[in-house]
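Note that the chains take the letters A, B, C, D and E in the order they are written out, and that residue 1 is the start of every chain.
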Amino acid sequence: MNDWIAIGALALVGLLIPLGMMAVSYLLRPSVPETSKRATYESGEVPTGGTRIRFNIQYYMVALLFLVFDIETVLLFPWAVVYLDAVESDAVSLFEILAPMVAFVVILLIGLAWAWRNGAVEWAQTTRQVDAEGNRS
Amino acid sequence: MMIEILIGVALIGAFATFLAPNRIAGKLAFAISLIPAGLSIWMFSAFDGSGNALLGGDLAFESQAAWITLGAYDITWFVGLDGSSLPLVVLTTILVTLAIVSSWTPIDDRESQFYGLVLFIEANLIGVFAALDFFLWFVFWEAVLIPMYLLIGIWGGPRRKYAAIKFFVYTNVASLLMFGAFIALVFGLGDSVTSFALPEITAAMAAGELGSFYGLGPTTLASAVFVAMFVGFAVKVPIVPFHTWLPDAHVEAPTPASVLLAGVLLKMGTYALLRFNFTMFPTEIIEPFVLPIAAIAVISVIYGAMLALAQTDLKRIVAYSSVSSMGYVILGLIAFTQFGIGGATFQMVSHGLISGLMFMAVGVIYNATHTRMVTDMSGMADRMPVAVGILIAGAFGYMGLPLMSGFAAEFYIFFGAFESTFLEYAPIFTALAMFGIVVVAGYLLFAMQRAVFGPYNLETDYEVGRAPLHDVAPMFVLLGLIIALGVAPELIFEMITDAVDPILDGGEL
Amino acid sequence: MSAVTPLQNGDTVLLPERIADLTGLGEFGVAGELLAAFLGAFVIANLMMAMTGVAGPWAKRKITAAFTDRIAVNHLGPAGIFIIVADAVRLLSKENIIPENADRPAYDLAPIVIAGSALLGFAVIPMGSGIHLADPEVGLVFVFAVAGIASIGLVMAGYASGNKYSMLGGLRAVAQNVAYEIPLVVTGMSVVLFAGSLQMGTIVEAQAQPLVDLGVVSIPSWYALVNPFAFVLFLIANFAEVGRNPFDMPEAPAELIAGYQTEYSSVYFVLVYLGEFLHIFLGGAIIATIFLGGPAGPGPAELGIVWFLLKIWAVFLLTQWLRSAIPRVRIDQLIEIGWKGLLVLSFANLALTAAIVGVIA
Amino acid sequence: MAVVELPEWAALAPVLILAGTALALFVFDSINPRSTNRTVLAGTAAIGSLVALGVAVWFTVAGVGASGLEGFGAIELFDGQLVVDQMALYFMIIVAVVTALVSVASYDYMEGHTYQAEYYSLVMLAATGMATMAAANSLVTILIALELASLPSYALVAILKDNRGSIEAGLKYFLIGALSSAIFVYGISLVYGATGYLQLDAIATQLETGAADGEFAYGGLLGLGILMLIGGFAFKTASVPFHFWAPEAYEGAPAPIAAFLSSASKAAGFVIAFRVFTTAFPLDATSALIGVDWTLAFVILAIVTMTVGNFAAATQQNVKRMLAYSSIGHAGYALIGLAGLGAGSELVMGAAMMHLLVYGFMNTGAFLFVALAEHWGVGRTFEDYNGLGQRAPVACFALVIFMFSLAGIPPLGGFWSKYFLFTGAIEAGLLVVAAALIVNSALSLYYYSRLVKAVWFEEPPAARDSLGQPTGLYAAIVFAAVMTVVLLPGFGPVVETALDAAAAMIA
Amino acid sequence: MTVGIEYYVLLSMLLFCIGLFGILTRRNALMFLMSVELMVNAANINLIAFAFYHGNLTGQVLALFVMALAAAEVAIGLGIILVLYRNFRDVDVTVPTTMRW
């Protein structure tokens, strides 16, 4: 039997259970519409401004960094899987198996170090830090 | 090695001058240009070649070195001189030296660049006359254009941009046509040639190795190539109807550039016609075109003269008269006789000297008066007797006054044309061309009379005084050469006929 | 290293097949298989739902109370266990208030995604006693991938609510998930280096080899013992990944009201809440499977499920313990710990593991 | 032969050196963030590319990758995913030369820019990608190398992040690049589907056996795939139909980057096109399978590209844009190298390779002159360039050399390569293409000489400050000019190398 | 229980065309990016389906690389779109026209 049929079945179940709960709740729950209920919750105050707020650029930096490293793990996984077999077979030396991965990771780590030093993962900068930044350039 | 030295000195000199400060550039260029001039005169005296370069003659100062191999074809550095090219090399080196001296006065802006370009032109001109490999020749041929384009465009007169571009476009399109045609010819020759060396191609042509190319049969191909190349060179010469760039270029160019343009650059065209069209192709290919070419030549002579008659700009007069003079050269070439071709070659040298002289004289007057209009400068004879005297002497040279080289040249040409068996109706053509002489005499005298004699009526009375020595000296040198060649044409004519005779033998005439 | 042959499908008997055999559904061809698979999935999903049901309304309160020396729920049933039913009814029958700024389809989908993704992850977890829905060759990657879907649910919830706090909560959730996902996966990879396979069954089986044989007691080569460094890293990264203390930034009540779930109520809230607990259990299940030998334990193999649940609950207990014991980190500290600390350490761990595995072999 | 015995992977040394330089720059920037020590950064980049160049030249001279008695034969690495042969080295030389020129020129051009190290390392990374493209021998490596070259380029074009033109250029370059790479990937997937292989020679074998026994069922798939691959190449080489980005990207990009993209990137695009179409799609077998001769596509592309490029260039007022269109025109010329493959002669492809080398000097030089003008701040249109020759004769003289060489006037390197293309086209029987080449060259003379005219003939505007002489830019421009000239007499070795390489590919 | 290869190809072509359609009609740079991703993923479907069909792993491996490349492309693209927004206050790709001739 194919594994994926079972997984698909679980996906279906995973969808049906929430839907079922929603259906049950729909039958049970009351509905008393009232405008103020539906207002955005801002600690009881009248909501101010829109929700599309500007947020810290660092979120974006981190997302980009993640993209790089996530993809990198995707590329490392095949290597990790065959590693044991490759080590056990005598056809290739340990160096030949290890070196490409080390080179790959080292390049990535250089990238990380660069991002680190250039403040990509620096969440908040104090005024002093910003000033220092300005002086350096 | 001599030719390499000539070219190398000019090239290095050009570079050095380009980088030199403006103040000393003129003197430096002059000093440098003396080296090739002196060397070429020595080469002239030491000339030991015989026969025609393309027809298996003995070359003087020959040298050959591998350059590029392209598939089946070798492209080589192949230079050498024969009797027809050596005089032109000497003409080039001397004229360049004199042109440099004559530029001292008029050129007062960006001198180092100017003299650098002039020396660069010299190097390439020597190359054009000495190269015996098609590619090498073509490289030099085209390399002349760029500096000349810049010379006209930067230091020229009010309409210099138009003139420069016109010159550039005309000559370049012509080159492209000629180049394409020649390549087609070489491809048509197929395996029978292994290089672009001109003697080899000539030999293959003579041996009738021409095959077909893209469906064109050998004869058609050869004829088409002949026409295309003729047109390509005709633009350069220039002859009617491809002459319109010439007056513009001459008029707008600064005096030294005009000197070089008229003196040497035009000869590139006629020289190429001699080398390629009339040496390389078998007579049966040329035959159908003899009459048209002769007609074009005569038309050039007369039409050029007529146009000159109508001009009021002195430089323009000289320019159009060049068209006329070049017509003689074509006529001489197409006559296919010893005197015809030899005379044509002689005329190349002679016209180079005379037109150079004329332009220099006009330039000197212009330096003082800032006008070239015939009507404006009347009465100049009083103010600038020497310059005007030389101008008149040049005009006489043009007219073919005996004892001047022009006389000898024209005499040879007419003689050669008259006795031609190759050219049908030769006497008629000759007679018509001779009629050109009358017109030339007419317009030159007319112009001189209007221009330099008569009442002084320059509107703004410039401080017109005697031209400085370095303006006048080159003209005397030229005049001396003109008279020397006029008195003793055999100085170079023997050399020339030596190179010309094989053409006629090969042409089975 | 002993030769661990990757399991082919059929070496172990998976739950759907077992069901098919038991019920005779196997005779009905594809339809029967599908039905059996569906039944198996239903069993597993309900098992997990039941566990979260226990954990959410009851165990969590009890544990927290114990740590803070309080009593917590105790009225309904023995030790207040029936609070689960009461809470379920209460929450399901509440009015569902949908904020006016909500971005509707996304707002409705988010709870389903959060809950469903966690459930789906259990498909490849071998729970012992034959409760193992599927064992694809890429099991480990699959489970990481599916667990990662939750971030989409969180950001959908945060974005679609139309509330600033929700938005910030959703963003934080993503930033946190992405920061700790990589250490998590890379550390998981070091397990793969040992096992040489991504198949969950194989990984579990590889851990059954004895590490040290002390005659009577044979300590199994659980990767937590073989590679404790990786275990600790994975544990920490996992806490951040599922958003528990000290890394519960996305919902940090003190800062963001309730983060992305601020605007959710009624059944939607239940789903989001359950989804979170499911994720905690999924994290526990992964830890149990790849570091703690899965369902392995003393006694007959039939006890597997017991041992397995015990391990999951141990992890859960740990999360609650940390919740009571450790203060929350700041968001900037959180990100920096992730990128500058865990990531580097996890790579170091990977390289080290690779070297050790290489040298041993 | 070689004095030193090197391991096989050392054949990739030029690529590795470029990559190492990029990493070294990153490390430098990590240790010393936001450093504006331009001397060190530009120096490292220039030295790195020069060393790569030196190694590539050394390898070429030593006969690495060459066939025959003298050479070692093509070196296949990673199971033939990469191959170092003469062509690879040849194009590595082009890439390294252009990179060196660009690095040196950027020293002045990028003065005052905040992200110095990033700039140079991106340049080096792109160069690495381009050099890898030269050696890529499988659709996988080709794709990766292509993207490695493209991605830094997108960033480089948009690196002036407060300059709207630069951003716009970067956006357009990126959008079209992303689209074309998607199409390229899809093309790869179709070719893979039709043949089952991604390695170029394996594809060829598959096609040949398929054509021989007539059991190949995916002609349509293959044809579509090839068409899409051509799309990818067209983007990288700025040829029709994916040329729209070029004018915008070149105009908006920092001028050294425009030089880099229009010279090195284009050359790299051509090398994969050459390799893919000579190695993977043997003409006879492929045309038997898909029913069309693929050279036909290139014949059309070549003519259309050169015509479009030249005509558009003739109408421009902006110098950089003119150069951009002329660069499209030159892509058209180089496409003749593929169009003429039908004749089975190495001449035409060799000619295209030669053209790309010469182009690497003359076009880079021309763009660097624009960089110089931008450095001076004289403006962008032809009129703005008026009379520059009076103030900066050396640079302007170099410009004359570049322009006339681009136009293909004899005393300069551009003449040879154009001539060889012309003969190649004629030999391949493509009279129309040859004619188009001639006509377009004549046309191009118009707009090239227009720039010369502006610089030398026109009067400068009244008020113009004296122009500085930035060392780096001048050095790069003068070097490019000297090379453009020197290639005329010294064309022999280039011809030999290019023809050998082409012959090895076609054989 | 195998699905014929042609269905995969049809699916991927459909996806490709959807992507292409998006590129041709959408003016939002982000939408453009997403459309491109669709096209790339169409290629991935092809690659994996063909890898299965041909029984070699080459296609799958390439699909991995393609994903990596697509991600990198998106990273760069988003960066460019970010500066685009900063300079033009819009992510409409038809807005920047400073260089039209």
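One rule holds for everything that comes next: a contact is a pair of C-beta atoms (placed from the backbone, for glycine too) under 8 Å apart; a residue touches a chain by one contact, two chains touch by 3 or more.
Predicted model, so just to flag it, every value in this text is computed and none were measured.
Asker: Using the touch definition up top, find the fewest steps from chain B to chain C.
Answerer: Steps on the shortest route: 3.
Asker: Could you name all chains that are in contact with chain A and with chain C at the same time?
Answerer: Correct list: empty, since no chain touches both.
Asker: By C-alpha centroids, what is the most central chain here?
Answerer: Centroid comparison flags D as closest.
Asker: Name the two chains that are joined by the greatest number of C-beta pairs in contact.
Answerer: Per chain pair, the contact count peaks at A-C.
Asker: On a C-alpha centroid basis, what's the spacing between chain C and chain D, in Å?
Answerer: Centres of chain C and chain D (C-alpha means) sit 52 Å apart.
Asker: Using mean CA coordinates as chain centres, what's the chain A-chain E distance in Å?
Answerer: 21
Asker: If you average the CA atoms of chain C and of chain E, how many Å lie between those two points?
Answerer: So the centre of chain C lies 32 Å away from the centre of chain E.
Asker: Averaging over Cα atoms per chain, report the distance between chain B and chain E in Å.
Answerer: 65
Asker: Going by the touch rule set out above, which residues of chain C reach two or more other chains?
Answerer: none
Asker: Going through chain E residue by residue, note those that touch at least 2 other chains and give them in order.
Answerer: In chain E, 1, 61, 65, 72, 79 touch at least two other chains.
Asker: So which chains actually touch one another? I want all the pairs, not just one.
Answerer: The complete list of chain pairs in contact reads A-C, A-D, A-E, B-D, D-E.
Asker: Name, in rising order, each residue of chain D that touches chain B in their complex.
Answerer: These residues of chain D touch chain B: 347, 389-390, 393, 397, 400, 404, 409-411, 415-416, 420, 422-423, 426, 431, 438, 441-442, 445-446, 449, 452-453, 456-458, 488-489, 491-492, 495-496, 499.
Asker: For the complex, which residues does chain C have touching chain A?
Answerer: 1, 3-4, 9, 14-17, 20, 33-34, 36-38, 40-42, 44-45, 49, 89, 92-101, 111-112, 115-117, 119-120, 122-124, 133-136, 141-142, 162-165, 167-168, 171, 174-175, 178-179, 181-182, 185-186, 189, 192-198, 257, 262-263, 266-268, 270-271, 331-332, 335-336, 339-340, 343-344, 347, 350-351, 354-355, 357-359, 361
Asker: Would you pull the chain B residues touching chain D in the complex into a rising list?
Answerer: Contacts found on chain B: 18, 66-71, 110, 112-113, 124, 138-143, 145-146, 149-150, 153-154, 160-161, 164-165, 168-169, 172-173, 176, 180, 183, 187, 214.
Asker: Residues of chain D touching chain E in their complex?
Answerer: The contact residues of chain D facing chain E are 139-140, 143-144, 147, 151, 154-155, 158, 161-162, 164-165, 167-172, 174-175, 178-179, 181-183, 185-186, 188-190, 192-193, 196-198, 221, 247-248, 251-252, 316-318, 321.
Asker: Of all residues in chain D, which touch chain A in the complex?
Answerer: Those in contact with chain A are residues 23, 26-27, 29-31, 33-34, 36, 114.
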